[in-house]
Each structure stands twice: as C-alpha cells, then as structure tokens.
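I have a structure I would like to understand better, so I am pasting it below and will then ask my questions one at a time.
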Amino acid sequence: MSILRVRTLSVTRRARAVLRDVSFDVRPGEFVGLLGPNGAGKTSLMRAVLGLIPAEGHSSLAELTAVDRARVVAWMPQSREIAWPVPVERLVALGRLPHLPNRGRVPAKDQALVDTAITRMGLDAFRARAASRLSGGEQARALIARALAQDTPLLMADEPAAGLDPAHQISTMQVFADLAREGRSALVSLHDLSLAARHCTRLILLAEGGILADGPPAEVLTPELMARAFGISVWHKHTEQGPVFQPLEVLS
Amino acid sequence: MRSWLGIAFALIYSATSGFAGPSANGPSRVVSMNLCTDQLAMMLAGPGQLASVSYIARDRRASAMAQDAMAYPINHGRAEEIYLLKPDLVIAGTFSTRATTDMLRRFGVPVAVFEPAYSLNDISDRIAQMGAVLGQDAAATALIALFETEIANISGVAGRPRAALYAANGYTSGQHSLAGQILEAAGFANIAAELGYSHSGVLPLELLAMADPDVVIATRPYERPSRSEEILAHPVVSALSRHPDTGEMRDADWVCGTPHVLNAIQKLRHLHSDTTSPEEGSE
Amino acid sequence: MMRLMVVLSAAVLALFALSLTLGPAPVSAAESLAALFSDDYGPLTLVMREIRLPRSLLAILIGGGLGLAGAAMQGYLRNPLAEPGLIGVSSSAALGAVLAINTGVATGVALGLPIAALLGALIGVGLVLLLAGPQGGSITLILAGIAISAMAGALTSLVLNLSPNPFAANEIVFWMMGSLADRSMLHVYLVLPFVAVGAVILLRLGRGLDALTLGEDAAQTMGVNLRRLRLMLVFGTASVVGGATAVAGAIGFIGLVVPHILRPFVQGQPSRLLWASALGGAVMLQLADIAVRVILPARDLKLGVVTALVGAPLFLHLIYKTRKGQS
C-alpha cells in the first residue's frame, strides 16, 4: 500500500513542457530524496503532485479535497514565508490547524505534538521569540517543526536543508530519517548530494524532462548518472562511517 | 386681507412697461451677470436696453422672474462671452467672479458692482442704484415709492410664533439678513435671535431641536438630491415641521432684494394666521 | 488576550456614553442620558434619540467595520499597508454612493444607496486584488491603490460637478473625508445589515488568514480553500466598506492604524487581530468623532482630517520600515 501514487504526470509551465510522464510511488517507511539540476522541475513536480498547479496525469494527493489532503501530507515550500511576528510556539501550532474543529485553546494531545516538534528541531529556547525576526536558518527549522506538527503520514519539503549550518543540516536529515523509521514517509528535494547519499533510503533523479533514475542511493549516485544529470565527476565510497559522497569537478 | 400677490404682479408689470422709456444719457447695451441684478434690470431697463441676463435668471427655483427672463438672451458669466456681446455696461454682484470683472475692466468695459440686499431697507437703495446706472432714475423713483407704500401697509398682527429658517447644510439666517427680515415683517419671532445668530450661520440640528420652534421654514430641495439638503429631511426637522407645506416655503421670492419679497411676506402671513389660529395654535 | 478584549470593550462602552453626552446643546450628562430613556424631556429626548444616539451608534458600527476590514485585508495580502481607504476601496464605494444619490436610485430603490456603494467597493477590491495580487509586493499594492483612488475620486468629482444641484459640487469634501454629523436612525438601519453581514463573513476567515501567515502554498496544503477565502474576503470587505461609506463618506486610515497598533497585543496572529481590530476601530472612530466635536464644534470638521493626522505619519513610518526591510 503506497502513501503516494503518481502516474504519467506531465507539467507544462508557460507553454513549456517541464516534466513528461512521471510515474512513481512513495511507500511507508521511505525517505525519498528528489535530486536534479536547477530547472529540472523538482519544485514543479512536488507542487503538481500536491495539486497546487495544474498538471496532466494522476496524483493520488491532487485528487483529494483540500481538507482530506491536509490530513495526509504536510508541505514545506521553498519560500520561507512568515508574514507576521508570530511566536515560534504559535507558528508551530499552526500545524494543528487542519485537525482542530475551530480556533481556541490547543487541546493537550495537540499541544504535545507541538512540543515534540519544537524539541525535535531544537527550538525550545526560541518558543516565545517572534518567528519572523529569527535568522534564516532558525526560520527554516521553525517551518519544518510546523510541518512536523501537522503529524501526517507523508511529509514533503522543498530544500529544507538549504541555508542551515552543518549541524542543523545533519540533524534535520536525521529527523526525516527517523520519521521514515517510525513508518512514515518523506519526499524531500535536495541539492546536497552527500546528505542525500547518507540519509535517504531512496533517490529520484530528475533530468531531461523526466525521471532519469529511481532507486537506492548507491544505484542513483553513479558516476555515469551524475555526469549525465549534473555534468560533474564524483567520488562515492561506502566507508566504515557509512556512505561518503563527494562531487569533484565540472566535466567539460 | 389684501392680496399683495396680485398687487405685486401689477406693480412689476407696470414697472417693466410703464415707467421706463428709452434712456437719453444711460447705457444702450447692458449685460447683467448676477441673478439679483438681472431682476432689478429687467424691472427698470428701457426697451432694448438690456442685452443679456444670467442663465440662472431663467431657473424657476432661484429666479422670481424666470418667465420674464425667457425674453432675454442669457450669459454664463464668462468674460469672453460677455465681451463678445459688446456691452457698454456690465452689471455684476459682489459675489461674481473677481477674475471675470477685472478682465472685463481691462478690456475697457465699464462694470457696475452691486452689493446684495441684507435688509428690506437695502431694497430701495438697490433699486435706486439700478435706476442710476441705467439712466432710468424716474422709473426707479416710482418703483421705490410703490414698494415703500406696500411695506408701510403691512399691518401689525397679534402673536409672534417662533420660527426657524433652515436651509441646506443647516444654515440659518438672523435679523441682519434679507430672509430674517422677511420673517420678521410677516410677524414671526426668529429663533436665530434667541440663539445669538445675528447674521447667517450653521445652526446645529441639536440646537434647532432644543429651541423647539413653532415652525421650521425650509428651502425647497432641488430635484436631483444632494447630501447638503438631506438635513432638511432629517427626522428631527420633520418632527418640528408641524405644517406640511413649510418644507417648501422658501422659494425664489426670498432670494433677491426686489419687490418680490412682498410675495414671500404675504405667503408667510398666511402661515402666521394658520399657526396662531385657535385649533392649531393650542399646540 | 482576554484582557485585551475586556479593555477594548470597556473603552468602546465608555466612549459610547461619553459621546452621547457631547453636543452643542448645553445639557448636563446625567440629564441627557436620562432623556434618552424617558419621554418626559421633550425636545431633549428627540435630540438624544434622533441626533446623538445614531451618531454614536454609527461611530461604533462604522469604526468597527473599517478596523475589521483593514485587519482582514492585511491578513489576506500579508501586507501591513493594505487598508480600504488607502487602496481605493472606500473611494470606489463613495463613487457608487454618489452615483446612486445623483441618479435618484438612492431615493427610488429600497437600500439603493448602500447597495450601490457595495457594488462600488466590490469593483474597488476586485481591481486591487487583480492588480496587486497576493504575491504582489507593497509597491504594486500602493500603486494599484493610488490609481484606483485617483480614478474613483475623479469620477466622484465629475458626477458631483455635473449635478444640476448647486450644493452637490461642494460635497466632494464629505465623500473624501467622511463625517457623522446629523445622521439619523434611518442611517443606522441602512448600514446595520451591510456591516453586520460583512463582519460575520470576515470574522469567519480567521483560520484561513492564520494559515496564510505561511504563504499561499502552505495554507492550501493546510486545508484552506483559497478561492473561497478570496471570495469571502472580497464580499465581506465590500459589504462593510460599502455600507459604511454610503452614510459616512470615505473615512481613511482606521483600517491601517488600528491593526498596526493592536498586532503586538495579539502576538501577530491574524485571527485574533480580526476581533481586536473591530473593537479597536470602534474605539478609534469614536475618539475621532469626539475630537471633531470638541476641537471645532462649530465647523463640522471632517473625520478624515483627524484620522489622517494620526494615520499619515504612521503610514510613512510603515513605508520607511518596509523599505528598510527590502534593502
């Protein structure tokens, strides 16, 4: 039983075909990294899968109503928008919004989920701070915590690690990996191939208007595919400290 | 009661056709650009002497001589059109656009400027002034004599009902205004005096209500509504207007200092007797 | 939060009582309030019930509506500069009202005046959302607002100038600045349904506006139907602003100042800001209306003069802050 089912999805933006006939499934327990060069259509694919932009083909999420979808998937867009100086705790509690019948006090069960998400993202010290006045990296973590608090089987995030310091990049990837181990799923777009190599259970490589490769990291991060998709040479070894992946140089 | 209305019409008829002859030494081509000077000029000018009146003179709502004005070409008070009429005298009011009268003077056109009448006494002065500028002094003297006789004939009446004059934007008029004097001549006490208004000014609706006058005499609203006149339909004004016709009482006869004010006084006198008659006066 | 509500509500009631005791007639506060409830006071009862009571009620209704509309628009556009007055919604509503009055629709058709103002406001809001859009920045919003205000203002002047009624031409000031002088209970009954319906619609948008704090994409995936939200916002705002403008003219800056001042007290949360701004708007307009009566009682000073004197410097401050944020 897959949590997300995408079949022959095609996205056209401004009369230009971005993606053609993309099909894949995401199953419980998977941490799927979405890779691809700039402009390969990672963001477009995720937004089309969610039903936020028009697309041809099928996506199980896009076919849900807005209310039902909010109980299946949490989405963290790339633009880190926090319009108002809301305290971090309230910002994270917004994640409970789809589950609560109306406004008012957050029930204890929901408050517990909010607290867990805050602790998971290391934001306990920032609870009362205005989220819009935090640093970029802190804002990103607050927004991830918000998505976590939505407590959905599937979490989708667009470049969640961008702009984080190394420690928070690693701990963030660890959070997604932990979720997968708990039996949930994550679909996350990434630019950092070494993070993808170490933490994801599966990688989807987007290039040339479709899926170039889909499989475990070892099968996707091959020199041939990397050369074809990104035009770079790479060094990839399974070491005692786990898989290590290093892009080397641009191929001419 | 004598019918001033009929007398006033007779008076004006005789004034326009009877007194004035061709003027020997007066101007021969006169343009008036003010509603009130229009009316005085129409009463006193000799045949062919008055070349044009203002367009407002034909407006029944503002002009007591709208019908007479149909016989004259109209102007809109613009320097260019007036100059092209080649007048040898332009008559304007003090409220006429200064820029226009200045320009006409620069073009060498003589301009006579008339003050508005602020009292019944002013009316005779204005008639005399009009006679002088038109070279129709004899006609003016005759008209003044008739007008003053009629004014003197207004009899005293018993009882002074308290009345309020109320116009658009909440304007009221005190004793030093033409409307205030018309009101007094008809035998009413003006509440503006009680409230300390000697001239014209805004009377807050609240003070009007607290003064609780016996009658509110309002201006007739224009057909196209305006917010300024909306106040005349305010429930407070309606509640105070115990006589159904007082809302439209103040018409063109009240606007200018001419013998037509006699009509206004006469109509007010009817209202006066209604107000003080036993069955309604008990209120 | 509760405390803020209590404080604001108490202020609304206190100002309401104060407003009822203010007027050109020299009457004591106790006497005037007694006259409101008793028929024994003759003309004073008439003054209280037909002049002061409608004026005070309208200040609460209209101020509350404008504060609420401002908070809702800011929440939706995620821009603290969004305000019905500044972005031309009020002036479009005024154009609708002026057209209705001058064509006779206002007197000929029941509710013709507020409905015409509502239609005007609807076009105004629609144009702003179309031109500036939720993604548009402050600059596009302000430019769109200037264009719509200028256009609506010019057309209003044109209609008034073309009116055969000589008084109409002088009324542009009222429509641009707003006033509550000499309104009657009829006006209260005229605006009440429009402000009430609009307020109910806008107050229900809290959840969606909260979610929009995180942007459109995030809000949509949190179960918010954006299309419905936008429709509700447009109708709610048009109903409130249309109703208010039809009887009191375009009163600016309340929707800007009130949410801005109250935002810190509700921790920036748009849903709570809706309630708070409704109460705060009622407080501010009552204060402004008391000020115009106390400062220049004889001159019928327009409300917009007072609200702009308070609001314009704040607006400049906001622009300055926005500019600093961009650089």
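Odds and ends about this structure:
Labels A, B and C are assigned to the chains in the order they are written; within every chain, residues are numbered from 1.
Here is the rule we go by: a residue touches a chain if its C-beta (ideal position, glycine included) is under 8 Å from a C-beta of that chain, and two chains touch if they have at least 3 such contacts.
Owing to the predicted nature of the structure, the values given are computational and were not obtained by experimental measurement.
When every chain is represented by the mean of its C-alpha atoms, the one lying closest to the mean of all protein C-alpha atoms is C.
The chain with its Cα centroid farthest from the Cα centroid of subunit B is A. Taking the mean of the C-alpha atoms as each chain's centre, subunit B and subunit C sit 43 Å apart. Taking the mean of the C-alpha atoms as each chain's centre, subunit A and subunit B sit 84 Å apart. Annotation for subunit C: no residues touch two or more other chains.
The residues of subunit B lying in touch with subunit C in their complex are 168-170, 201-202, 204-207, 209-212, 222-229, 231, 234-236, 239. Here subunit A touches subunit C in the complex through residues 47, 50, 52, 66-67, 69-71, 73-77, 79, 81-87, 90-91, 94-95, 97-98, 102-103, 130, 132, 143, 146, 150, going by the rule given at the top. Residues 23-25, 27, 42-44, 46-47, 50-52, 101-102, 104, 106-107, 163-168, 170-171, 174, 182, 184-186, 297-298, 300 of subunit C are the ones touching subunit B in the complex. Remark: subunit C residues 78, 206-207, 210-215, 217-218, 220-225, 263-264, 267-271 touch subunit A in the complex.
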